[in-house]
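After this come two complexes, each holding subunit A, first together with subunit B and then together with subunit C.
Now for the complex of A and B:
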C-alpha cells in the first residue's frame, strides 16, 4: 500500500539501518518524531478532559484554592447529588432530551439517508445526478446558517419551542446520503438485488433484508456522525427553545454558565454537568468504534 | 452574525419616532395615547422570558393570587449570551413573549428597533415613578413624555470592597478619593500585593467608573446619536487606570477566571470596585478570606463628593406585539415592587431591587458575616441614590463592549493604551451605527 512504500523509501534514504526480520521498519528518527507529535496531540486533547475530571471531584472551596490538575478532597458524589437535586433534577431531564434528540434523530436520519443513497445508487431515473448534486451541495451549507431560516419557517407553522423544532431538522443528513450512495454502489452487487427480485421479494423488502445488511458499516458511521452532530448541536436549540424542560444538555449547561455572575455557586454544577454530559458520547463512540473505522475507511477509498 | 441585521430595516422609522416623541409633538408612531391600554376579557396567559435563576418562585406567588392572569416562565441564556438575539428573531417572526427581561444597557437597542410597547397608558404605570430609584426611571423612559417602556427590576450600584484586615495591619487609611487610592496602591505594591485588578473584559464596569465621573458615552436628539467614548471624563478615567497599569500597581488577571478568584483568595488583591452583586462573587470565589472584607463608598474624584457608578441591572419590558399589554404591565409592576416577589428574587438570584422601598427589605437590614458583620447594603443603598440619572446607553452596546474589550486586552499586555482602545471603539461604533442605518452625528 502507499503508506508502506513511503516508509520504505524513507528508510532507504535515511540511516540505512538493517531491517531485521524483513518487516517494514521505520527509522528511529521518524518514529520518534511521529511519537512526539502524537504525544503532544494526546496531551493537548486530554488535558482539558483531565482538568474536567479533577475539577468535578472537588469541593467548592478546593476548586479555587488547590492545584487545578490534581485531586483534593474527593467530593465527586456530593457534586453529582447536588447536580441532580438542583431545580428538581432538571439536569436529568436535559440528558434525557439530548438522548431523545440524538438517539431518535440519528436513527431516523440514518434510515432516510440509507434509503435515499440506495435509491440513488441502484435506480436510474431522470434527474438522478442533478438530485445527487443538490444533496451534495447541502453538505457545504453549515447547519448554523440554516438555524435562523428554520426558526422563521417553524414560527409560521407555530412549531417553535416544541420537540419537533429540534428533532425534524435533525432528520436530514446530506453527508449520510452521499456516503450511503457511494457505499451501496460498491457493496451491494446488482446481482444480489436481481436474485432477490427473482425470488419474489419486493423492492422495499429487498432494501431492508438484503441491502441494509450489506451497507451496515456505512450505516453505523452515519449514525455515529449524526448522533454526535445532534448531541453537540447548540445553535438550533438555542434559537428554537424557550421552555427549560425541552432543552438539550448542551444548551442547559450554557444557560447555567451565563448565570455564574449572578449565583457563583452554580459554577460547580456546570463543571460536574459537563463531565456527565460527555459520558454518553464516549460510551457510544467506544461501542461503535469498530464499525466507524471500517465504514470511514471504505467510504474514503471509493 | 448575519442575524443581527434582521429587524434593522425599521431602524430609521423607529429612530424618527424616538426623536418625534422626544420633542413631545405627539406620537404618530407611539402607541402610548391614553385608552390604548385596556384590560383583556376573560382569562389571560402571559409568556415571560427571563434568565433570572429561580424567577419561577416569584411568578408562582402572582399565579396563586391572579387565577385570571397566569404567567408562564420561559428561559434562556443571559441577554448578550443569546436571549436578546432570540428576542429580535422572535419580534421579526411575530412570536415574541409578552414580557422579557432586558438590561438597562440594552434598552436603547430594543427601542431603536421598535421592540418595546409603550405602557405609559396602562393603569398605575406613570404613577409608579415615585417608587423607583430616580436614575432607573429615566433609563426606561428615555426622557420621553408620556412614555414608559419597561419597569426597572434591579440595579448594581457600585462601591469599594476592601480587605479591612490587611489595610489595618499595614496602617493604610481607607482611600476616599482616587488620589488616595493610587497612593495606597503604591504602599500595597511595596508589600507585594495589588490594590485591585483591572478588568480587561468588563467594559460595562469601566462604563460604571465613567458614569461615576459624570461622563457620557452616548446622547441623542432629533438629528440622531452622538457617540463620545473619548470625552474629557472618559479620558480622565482611562488615563488614571492606564497609569496604574503602566506602574504595575494593579494586576491584570482575566476576570471571572480561577486565577482571578485565586488572587483574591490568597490575599494578593486588596480591593474590588464593583457592584452590589459582587458581594456574592467574592464570598464564593475567595472563601478563605471570610470575615475580613468590608465595604466603603467608591473613591471620589473630588474630596468630599459622593458620586457613585452603576454596573448592571435589568428591567421587565412588555415586548412589541403583546396581545395583553395591560395585564403584562400590571404583572411587570407587581414583580418589581411587591415585597414578597423582590424577596423571592433576591433569595434565588441575589438581585438588588430598583425600588426605593426595596432597600428596606428585611434581607438587606442585617449584617453580613462574610463582611465582618457589616451591613454592607447601607453603603449600596446610599450609592444607588448617588448615581447620575442622566447616563445614556447607546443602541449597539454589545458591539461597543466587544470592540473596546479587544483594545483593552491589548492594553493590559502593553499593546496600546486604554485611550487608544476607546478611540478605536469610537470609530467602530460610529461605523456600526451607520451600518445599522441609525442616524449618527460625527
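Now for the complex of A and C:
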C-alpha cells in the first residue's frame, strides 16, 4: 500500500471517525483476514451482475459456447436492436410503463407521505397518536398481502387491467409517513414555522417553501425506496393486468422467461432485457447516494 | 419529540384547514387502498358459492366461517406455510449474520475502501426480485452456468435443494440493504464510548462484541421483522423458478397457493387464505418485537 492511499484513507475516515486510527495498531493478520472476507463478499455480490453484463454482449452462439465470464464477439448493440424491434418494440413500452408507475407513483406517494408526516410531527390535534399508530400498523401489512384484496375491490369496480389498478395503490406509503414524521420532528424547528407565521405565510405555503427543503434528505429516501418498491412490485401487476401493453418491465420479462422452452430465441432477449431493466435503478441509486445514505442514517431507526 | 409541544400555543388558533390539506390526500388513499381492501377481503372470505341443482347459476351466499374451515383443512396451504417458516428459520439468521459481519468490518479500522464495498454490496438491492431470480436461474443451470463444473454435479434445482437455491437469491438481493441499515446504526454510536474500551486495551473483536453488537440490537430487530414479513410473502422468486424447476409447485409458498386458488377461480377461499396469512404475518412480527423488547429491557 502506498503512502498516498494510506493518508487518503486516514483523511476520509478521520472526518467521521476521529481517534480510531490513532488507537491500537491492528495486527496485520486481522487486517488480511478482514480484507479477504471483503474480497469474497465482493465476488459473491458482483459476479452475477458481471455475468449478466458479459452475457448481454454476446451473440447467440457465443452465449452457449464461450467462457460465460469473459467477452467474445461484441454484439451488445445488435442485441439491443433485436430487443427493441421484437414485436413492435413491446419492451420499450414496458420500460415506459415501469417508469410511469414508479416515477409518478413514487413522486405523489412521497408528497402525500411528507404532508401527513409533517402534520403529525408539527401539529397537535385530537386522535393524533391513534392515527399514527394505525398508519404504523399499515407498515406491517406487506404489499403482497394486499394484492388479492385490491384485485377483488378493483374487479368490483370494473377497473382491473387498467393503469389505475397498478398506479393508485402505489401512492400509499405508510413507511414514508413514519419516516417523514421522525425527520420533520428532528429537522424542522418550530421557530422557523413561527417566523413564517409572523411573516404572514399560510401553513400550507410554509410547508412547501420551508419545510420541504429542510426535509429533503428524508424525502429523497422515501422517493427512492418507493420507486424501487414499485419498480420491483410483481404480484400486483401479475394479478391485475391481462393486456401486455400495460405490463411493467418485470412482468414482461417474467412472461418471456416462461416462454423460453417454446421459443428458445427469446432467451437472448430475456438476458439483454434484464440488463437494461436494472440500469436505470443502479444509476438512480448512484446519483442520489448522498441523500439516501444520510436519510437512512437519520430516520431509519429511531 | 419534546419540540412538538412548542407549536401548541399557536395551535389554539386552530389550523383545521391546513391539517385537512395535509392529511386528506394520504388519509383517503390509505382508507381506499389499505383499509377498504382488507375489509372487503374479510367480507369476501365469509361468502360461499351455492348452485341450485348441478347446472343452476352460481350464487354467492353468506357462509359464515365455511371458508376458514376449508383453509384449515387445506393441506397444501399449511405445507406452504411450513416451507416458508423453515426457509425463514435458516435464511433470515444467515442473511442478518452476514449483514452484521460486513457492517462491523466496514465500521472497523481494519478495512480500506469502505465506500466501494458499501456500494458493491448494496448493488443487488437495485435488482428486482424477478430479474435476480432469472439471473440466478441461468447461474444454476447445468450447462449455461459459469460454474458448470459445480452445477453439472450438484443439482441446484432438485426437489431437495431448490428451496435453498431460492434462499440464496433472496440473500444475495437483501444482505446489502440490511447491512446498510446496521451500518447506519453503527455510525450513530458516539465515539466517546469507545475511548474507555480502548484505554482498557480492548481490541476490535472485544469492542464489536461488548459494545457495538448490543447497541445495534434495535437495528437487528427492525431488519429481522422486515425479513420475516418478506419471507412469509415470498412470491416472485419461486414463481420465476417454476420455469427452471419442476420441484417448484403451484402451492410452493403461501402467496403462490393464494394466487393459484384465485386463478381457479375460488375468490372466497383465496380471500380467506389472504386474511389468515396477513394475520399470521402480523402475529409473528409482533411476537418477535415483544420478545426482543423484553430481552433487551432485562
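In this section, the second predicted complex is superposed on the first by the 267 of 302 C-alpha atoms of A that agree within 3 Å, B and C clash if a C-alpha of one lies under 4 Å from a C-alpha of the other, contacts with A are read in each partner's own complex, and residues count from 1 in each chain.
In the analysis below, a residue touches a chain if its C-beta (ideal position, glycine included) is under 8 Å from a C-beta of that chain, and two chains touch if they have at least 3 such contacts.
Because the structure is predicted, anything quoted here is derived from the model rather than measured.
In this superposed model built on subunit A, subunit B and subunit C take up the same space, so to speak, and clash.
Looking at the shared chain after the overlay, A:140 reaches subunit C, while subunit B stays out of its contact range.
Which of subunit B and subunit C touches more residues of subunit A is settled by the count: it is C. When the two structures are aligned on the shared chain, A:152 is found in touch with subunit B and with subunit C.
When the two complexes are overlaid on their common chain A, residue A:200 makes contact with neither subunit B nor subunit C.
In the overlay built on the shared chain, the residue A:244 is in contact with subunit B alone; subunit C does not reach it.
By the touch criterion defined above, A:127 reaches neither subunit B nor subunit C. In summary, superposing the two complexes on chain A brings one listed stretch of subunit C into steric overlap with subunit B, and the stretch in question is 255-263; the others among 57-65, 165-173 or 255-263 show no clashing C-alpha atoms. When the two complexes are superposed on chain A, the residues of subunit A that touch both subunit B and subunit C are 63-64, 68, 148, 151-152, 156, 238-239, 254, 257-258, 260-261. Contact residues of subunit C toward subunit A in the complex are 1, 3-8, 10-11, 15, 17-19, 21-23, 25-27, 29-30, 32-34, 36-38, 40-41, 44, 98, 101-102, 105, 108-115, 117, 119-132, 134-139, 143-146, 172, 175-176, 180-181, 184-185, 187-188, 191, 194-195, 198, 201, 203-204, 218-219, 222, 225, 229-230, 232-233, 235-236, 239-240, 242-243, 255, 258-259, 262, 267, 270-271, 274, 277-278, 281-282, 285-286. Of all residues in subunit B, only 2-3, 6, 47, 49, 51-54, 74-78, 81-82, 86, 89-90, 92-95, 97, 256, 258, 261-262, 265, 277, 280-281, 283-288, 348-351 touch subunit A in the complex they form. Considering their complex, residues 60-61, 63-65, 68, 87, 148, 151-152, 155-156, 158, 160-161, 238-239, 242-244, 254-255, 257-267 of subunit A touch subunit B.
Note for the complex: subunit A touches subunit C at residues 1, 5, 9, 12-13, 16-21, 23-24, 26, 30-31, 34-35, 37-38, 41-42, 44-49, 51-52, 55, 63-64, 67-69, 111-113, 115-116, 118-119, 121-125, 131, 135, 138, 140-142, 144-146, 148-153, 156, 168-169, 171-172, 174, 177, 185, 189-190, 193-194, 197, 202-204, 207, 228, 231-232, 234-235, 238-239, 250-251, 253-254, 257-258, 260-261, 270-271, 274, 277-278, 281-282, 284-286, 289, 293, 296-297, 300-301.
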